[in-house]
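Shared between the two complexes below is chain A, which has chain B as its partner in the first and chain C in the second.
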Partner chain A sequence: MFVTDVRTQIQHRNLEEDAPVAELHDLFCKKLQQCCVLFDFLDCVADLKGKEIKRAALNELVESVATSRGVLIEPLYPEAIKMISVNIFRTLPPSENPEFDPEEDEPTLEASWPHLQLVYEFFLRFLESPDFQPSMAKRYIDQKFVLQLLELFDSEDPREREYLKTILHRVYGKLLGLRAYIRKQINNIFLRFIYETEHFNGVAELLEILGSIINGFALPLKAEHKQFLVRVLIPLHTAKSLSIFHAQLAYCVVQFMEKDATVTEYIIRGLLKYWPKTCTQKEVMFLGEIEEILDVIEPSQFIRIQEPLFKQIAACISSPHFQVAERALYFWNNEYILSLIEENCQVILPLVFTTLYRVSKEHWNQTIVSLIYNVLKTFMEMNSKLFDDLTASYKVEKQKEMKRERERADLWRGLDEYQERRMQMLTEAARNQRNLQERGERGDTLSPSSLQTAQSDQHEPKPSGAPTGAGESAT
Partner chain B sequence: MAGADGDDSLYPIAVLIDELRNEDVQLRLNSIKKLSTIALALGVERTRTELLPFLTDTIYDEDEVLLALAEQLGNFTMLVGGPEYVHCLLPPLESLATVEETVVRDKAVESLRKISQEHSPVDLEVHFEPLVKRLASGDWFTSRTSACGLFSVCYPRVSSTVKAEIRQHFRTLCSDDTPMVRRAAASKLGEFAKVLELEYVKTDIIPLFTALASDEQDSVRLLAVEACVSIATLLPQEDLETLVMPTLRQAAEDKSWRVRYMVADKFSELQKAVGPEITKNDLVPAFQNLLKDCEAEVRAAAANKVKEFCENLPEDNREQIIMSHILPCVKELVSDTNQHVKSALASVIMGLSTILGKDNTIEHLLPLFLTQLKDECPEVRLNIISNLDCVNEVIGIRQLSQSLLPAIVELAEDAKWRVRLAIIEYMPLLAGQLGVEFFDEKLNTLCMAWLIDHVYAIREAATSNLTKLVEKFGAEWAQNTIVPKVLGMANDPNYLHRMTTLFCINALSEACGQEITTKQMLPVVLKMSNDQVANVRFNVAKSLQKIGPVLDSNALQTEVKPVLEKLASDSDMDVKYFAQEAISDLVWLAAPKEMKVRMLACFDLRGACRAEQDQTPDTCPHPDCCWHVERCRTRAGLSLPWSFELPQSSTPAL
Partner chain C sequence: MESTSPEIHSGVSAKCRDDKVEELWSLTSFFGYRTQTFVQAVNLLDRFLTIMKVQPKHVPCIGVCCLHIAAKMVEEESNVSPTHELIRISQSRFTVSDLSRMEKIISEKLCVDPKVVTALTFLHLYHSAVASLLAEREEIPSIGRLEAQLKACLCRLVFSKAKPSVLALSLIAQEFEALQSATLLKIIQQFQKHLRIGDSELLHWKELVTKCMIEYHSSECNKPDNKKLVWVVSRRTAQSLQTCHFSVPGLPTIPEMSWDESESEDSCEDLTSGEDSPCGSLGSDGEGAFFPSSFHNCAEG
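What follows is the complex of A and B.
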């Protein structure tokens, strides 16, 4: 931020309501130009008079654009946009706290807020004015302008982001030609956030805008929008700072589903792919989102994803973190979900039975154990025959599982032994090859013994055999 | 080598593929990590025809699994049959190079770069280069990003027509629509420039460089600064002024602090790349501006480079440039408002003294050092103190000692224990430079005070500090100054302080030698075996174990033995344990060689007692080993009186 000498230009003049229209425009224009002067707010005592005059001028502009009609004529558009650009577009300063945690730490507030707020207020009133003409504005509010506006969403000051959110929403609503561009740039911001920096303060605000944008999508959904869902919104779930914008993100996801039920499968499979491995706090959020989704899922879509989904839910139930287990078990308190489970009991019960049975005996937390008993009871009432069958076969299944486990171990042991022998053999073969070459270079004829060696490679020992072989056959 | 192929009946591919598909991610991951084992079992033929197609087509998996796969495939050349078949690996790696997750993609690119070297020039053109092209014109930004890293590895080895195509693709990516791709291209610009012919560096790279350096996104512009270093190195001196400098000047004054920060951060590299003339005319003023930048981050980055920048100035007028251009800025930075800036400066400022020589240092730098030594921020003071050696060489440390002392004392009492810890670590260095008299007079008290610090880490560091001091000043000095004070703490009412005595003795006994250890330290240790706090008692046992090797055998036999025996029957479990440990250790120490051999016989190769399960001495298979017998006895709960005497005729003198 710099202070220019032109600040002396700041004069105190009123935008009088009853002034003649031409004079009003002229005055308005002058005020706009005056407000292009920037002040140093890091030095809080510098040029207090100038600051006060600019504040008053901005107030007048806000007042005027909000109340008087017929103020916004075409020549004022470039002036207004210039004033706004000069004031709000700036490289955001480095965060004072490099490990800024939006959940824990107090954000650094923008020092020039006394002026900045009024500029934003003016911008907003300008966009909302009944006199505002998108056809004129689009010449000045262009792609470059929007790009800079979007970059400001990284501001650490929540007040600034709040204004930006409303403003961008209005711009999106009024300037139709910029819509695709805005969506694309938001995409880019999110992708950079997910895959490059993991840092952007305005994700929640942008998602909030997107929530209402998605709401207005036409049907059938365009490929571009589906791609946005699958390649941007779903991967956003991987962010470390998910908790800050999870509510808005889940809202967007559910909006998509309500628009077009066929995206359900993408969503659920995507969430399962990015299911948190170690962060239980995030796991609880994921479970919350799954419940929101299941609340509005169509039964035909439910059938498509029930199998992988309930495997994950079973894994959550056996989580040693009781909040995760509890959150998953709460699904059985949801009537709609319960009705879906009941309809598909034949599929779901076998998926979760073993876990429920085991965890009911093992879990350290009594609340979880009693919740599981309730769930088991519900299942028993749903389909007592299946329940009894599963109980009866529990032990057999467990033994089968152990047997499979042993077989796997055997397979790998065999493979490892085989690899070891092969490696030995390859080394031997390479050595023989070298010997042969050396002899060949010396002009020796191949001796029968070296041929023998080369052939014996073909009769390689069976992997299951005793760990002899390669070494011997090569000698 | 027909035998190189695996055996169908034993490992049907289905079984192996089942392993790669296992429901449990962890198991799947394990299988992928051992993919080479699977490939080996299948043999090269079936790896090519069955395993790789499976991997290419059906793997849709968690990023962690994909990462492992991307890594494995980079080392697969031999497993598919050597360099002539290496192109079989391209399809799976190509799809991995298009996935979203950066880590996976980067690994796939790394593997592709690796196997590109194993391609013959023909294969490179027939298989590899088309892949690069496909990636470069992919729909989604991920594949185009990956392509950026592959141009430079194939460019040197293809025909000139293909080279022209590659350059064209790179150009296209540099002006890509998505900033992600432009960033990737900008970050590979320098690397790509290096493999290009000089004429193309001028005609192709320079325009791209200029365009990227004025990109609308600062994240792209700052990467161009990095490329600037490589590009400037490639060009002849006479072209630099017209081709590179306009862009570099513009970057040094960029409106985004991130770009200016990058310039400051790369300043030494840039300086070397553009040579002395341009440095004098352009970089000196640019550096001054960076040192005065309005963003603290930029100033700190520039301050970090002050010494290196000055060092690399052309020698003929180095001193003049420093004195008239750099030093004034440095002086301002000493009283900067931001502590990171001051601390960055403090970490290098002392290095200027060697460059400027004695007189200038005394006249101009010394006042700055002294100001920084009094800085309110401990980190600044620490950085000055930690670099004292540079000044010592030039003007001697005496000049500073007056101001040094208050600074050290203040750091020594800083409220943050990490600061105290840091200053302790510099004590041996300071002691060496200031000399024993100054040390005894001013610093000794501090060193002793740290021994009773309330933070364990400080007490511990203080202990090892004493060892280093004794190594420096000798045993006699220790006996006169340190040992009495350390031993005095044995009577302290606080048991933590009493334990510190023991820790000091552990650390000092070796440096002090047998005489002092036996005569002065041992009596104190032995007396402490009656301490009422168990922690002190078992530390007595540990100390005796530790100082045992330093003591003479008579003292061991007549003094240590009875005390350890007593402790071995202590009511506290831990005391008992450590006393027995000490006894075992000391017996081992005193045993003659043949006895040791017999003792070792009780243990198998891994060091586990063979008679582990034996509960009584009667069933122990090695009855002649007293040590072993005793261990068995203690295990059995028989508290027989301990004997140092070995049951053999060759009883060693302890």
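What follows is the complex of A and C.
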């Protein structure tokens, strides 16, 4: 929670531009110190005057740093950083809603935003000032500072994260000595997110920063960066809340490809490995990302991954979820992808052909059926001979299958009939035997009359022929 | 009686007719109709276009209608696709009632005979005749292969001018030539004599068929004209397609500098610390395997 409301004397004297420079610096310093006092915003009626004074002071600081030249001298750096630290570094309150779903719920906004926003604004302008000296700043903006800054990215308030994003971006840009450390810490955050907590509100913002960093990678790509792609970015696709940061993630992935085409295979195989099996919303996202990847892929790389990729696409086409099937089929409306398919028609068409045909007959959704027609027609125009060959073998397969079904049905029918006949034979044989026994007991000789009796006996239900279990079940 | 289709009159170009026939083939394949349906449909189409002067804009309706009539004649009732489905899939602009009116017109103008003799009829006859004449050892191309080739030929207007018996014979002759079997060639000659087909006629059509087959068999892929097709997707998918992806970054690029890591003292310390750094060591471009084996074994996320 915040430091309590210790009201100290806050000077009213404003920072005037045309004050003598030494005075200006002094005043600036004092204002900075005074802004280190924190106020409790959870109580909205407490200290209204103090809050207003601080707000005005912060405003002046912001203006001053933005407009005046020569304001930033060395002694001010530690004071500025201290003021910023005191105001922004805090333990983030636990989420009011433990089941907070970033996609659905409204975020809890930061109560002290009226001051906080100005502090962030001040920090940003401080960094962007033409007078800003990285060599001086690096003494105060150190690793410990950066670590705390990164922890703030977990804030639920999107406005705060927006500021943090821009600020960290500038810090990374200007303080070269911190770059490796920043990358490493972001790594840790992501890995913890993926494998331990699955909770962090600032993934999208961090990815946005990474996007601009990846965009600026020097060639050849360092091994460290490639490892980051494979160990962190690809597994990041497995997160449950992927939809929040998918756009930024996809951008990073595509940037990697544009930098170094040889990572393509790792990316695609990685995505295929992590392909969503039960979440169709994610499947649609994955398909979107694949299309973006294919948009920039080099033909030589495409050939290396076309087989496993199109097997997966075929599986998507046969998905009962219509959005997945539609998204997959819509690839054929992309001109560049179409040219890639056309060049490798011999490999790709056999992979998807059976699926297309089967789904066109079975799918419940009529839009899908139309799209399949479009795809089949496209293939037909590409290479009619190959298409005819596949159609022919498909028909042959179908005939064989039907024949096998018929044969199997016949076989079972035959077995049933055989079974019936055998049962009949056994029943008759049993009856005959009983007849003979009884006649033997009665001492009958085989005379025509007794034969007739025996025959007529067969038609009467015999009492002794009662179900065998009846006598025995008297327990 | 053989029915031939001499030149097409009217404002319908050869290309228009050929494109239409190709589309009929697409529909035939898609709906699982038999080759016979297709062949009869083309037969109807060509005959109709010969006797009637039609405007190109009516050709789609005529084509689909011929296919439907043929399907009703050839296929089992349960397999015939309903007209609205036919129209929807072929992305045609006319209505079901347009189609039934056209059906009446075509039925009136043409003698629609399920038993019409086409090149396919002859193809089957020849094929079964050859198969029965041959000893078991000799292999002939399957009827499926020949049907596909006939289909390819029918997609060109020029072949509608051939007599069905001649066309079918040329096709088989052209296939058998590749096999170079004396027996087969003799059989062809017998057929030729029996049907009183002249040498020059057979030669003429054989040449055209050969040329057509060369193009058909070439593995060159033609870039399909995708613009003619309409890609309709559901509203939800259309919406998700529109949400623009992160193509324009909000943050400016930060160029990586090769000397940036050595700038500060504190950068190197942490990385060589004991803890396992996922980044790996700095600048380790060539060291070790790109994917250490431990990576391959790690659990999937």
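Note that in this section the second predicted complex is superposed on the first by the 388 of 475 C-alpha atoms of A that agree within 3 Å, B and C clash if a C-alpha of one lies under 4 Å from a C-alpha of the other, contacts with A are read in each partner's own complex, and residues count from 1 in each chain.
Heads up, the rule we're going with is that a contact is a pair of C-beta atoms (placed from the backbone, for glycine too) under 8 Å apart; a residue touches a chain by one contact, two chains touch by 3 or more.
Predicted model, so just to flag it, every value in this text is computed and none were measured.
Applying the stated contact rule after C-alpha superposition, one finds that A:366 touches chain C and leaves chain B untouched. In the superposed model, C is the one of chain B and chain C that contacts more residues of chain A. When the shared chain is aligned, chain B and chain C each come close enough to touch A:231. When the two complexes are overlaid on their common chain A, residue A:27 makes contact with neither chain B nor chain C. By the touch criterion defined above, A:144 reaches chain B but does not reach chain C. Of the two partner chains, both chain B and chain C are touched by A:191. In the superposed model, A:86 lies in contact with neither chain B nor chain C.
Judged by the touch definition given at the top, the superposed model places A:94 against chain B, while chain C stays out of reach.
When both complexes are overlaid on chain A, the residue A:416 reaches chain B alone and has no touch with chain C. By the document's definition of touching, of the two partners only chain C reaches A:223; chain B does not.
In the three-chain superposition model, chain A touches both chain B and chain C at residues 188, 191, 195, 231, 235, 273. Of all residues in chain B, those touching chain A in their complex are 1-4, 6-7, 10-11, 15, 19, 23, 27, 34, 36-38, 40-41, 62, 100-102, 140-141, 178-180, 183, 216, 218-219, 255-258, 295-297. Contact residues on chain C toward chain A in their complex (touch as defined above): 22-23, 25-26, 29-30, 32, 88-89, 91, 144-145, 148, 151-152, 216-219, 221-226, 229-234, 236-237, 240-241, 245-247, 249-258, 260-261, 263-267, 270-271, 277-287, 290-291, 295, 300-301. Residue ranges of chain A in contact with chain C, taken from their complex: 138, 142-143, 165-166, 169, 172-173, 176-181, 183-184, 187-188, 191, 194-195, 208-209, 211-213, 215-218, 220, 222-224, 226-228, 230-232, 235, 238, 247-248, 250-251, 273-274, 284, 288, 292, 322-323, 326-327, 330, 332-333, 335, 338-339, 342-343, 345-346, 360-361, 366-367, 369-371, 373-374, 376-378, 380-389, 391-392, 395-396.
Note for the complex: chain A touches chain B at residues 91, 93-94, 144, 147, 188, 191-192, 195-196, 231, 235, 273, 311, 408, 411-412, 414-416, 418-419, 422, 429, 457-460, 462-464.
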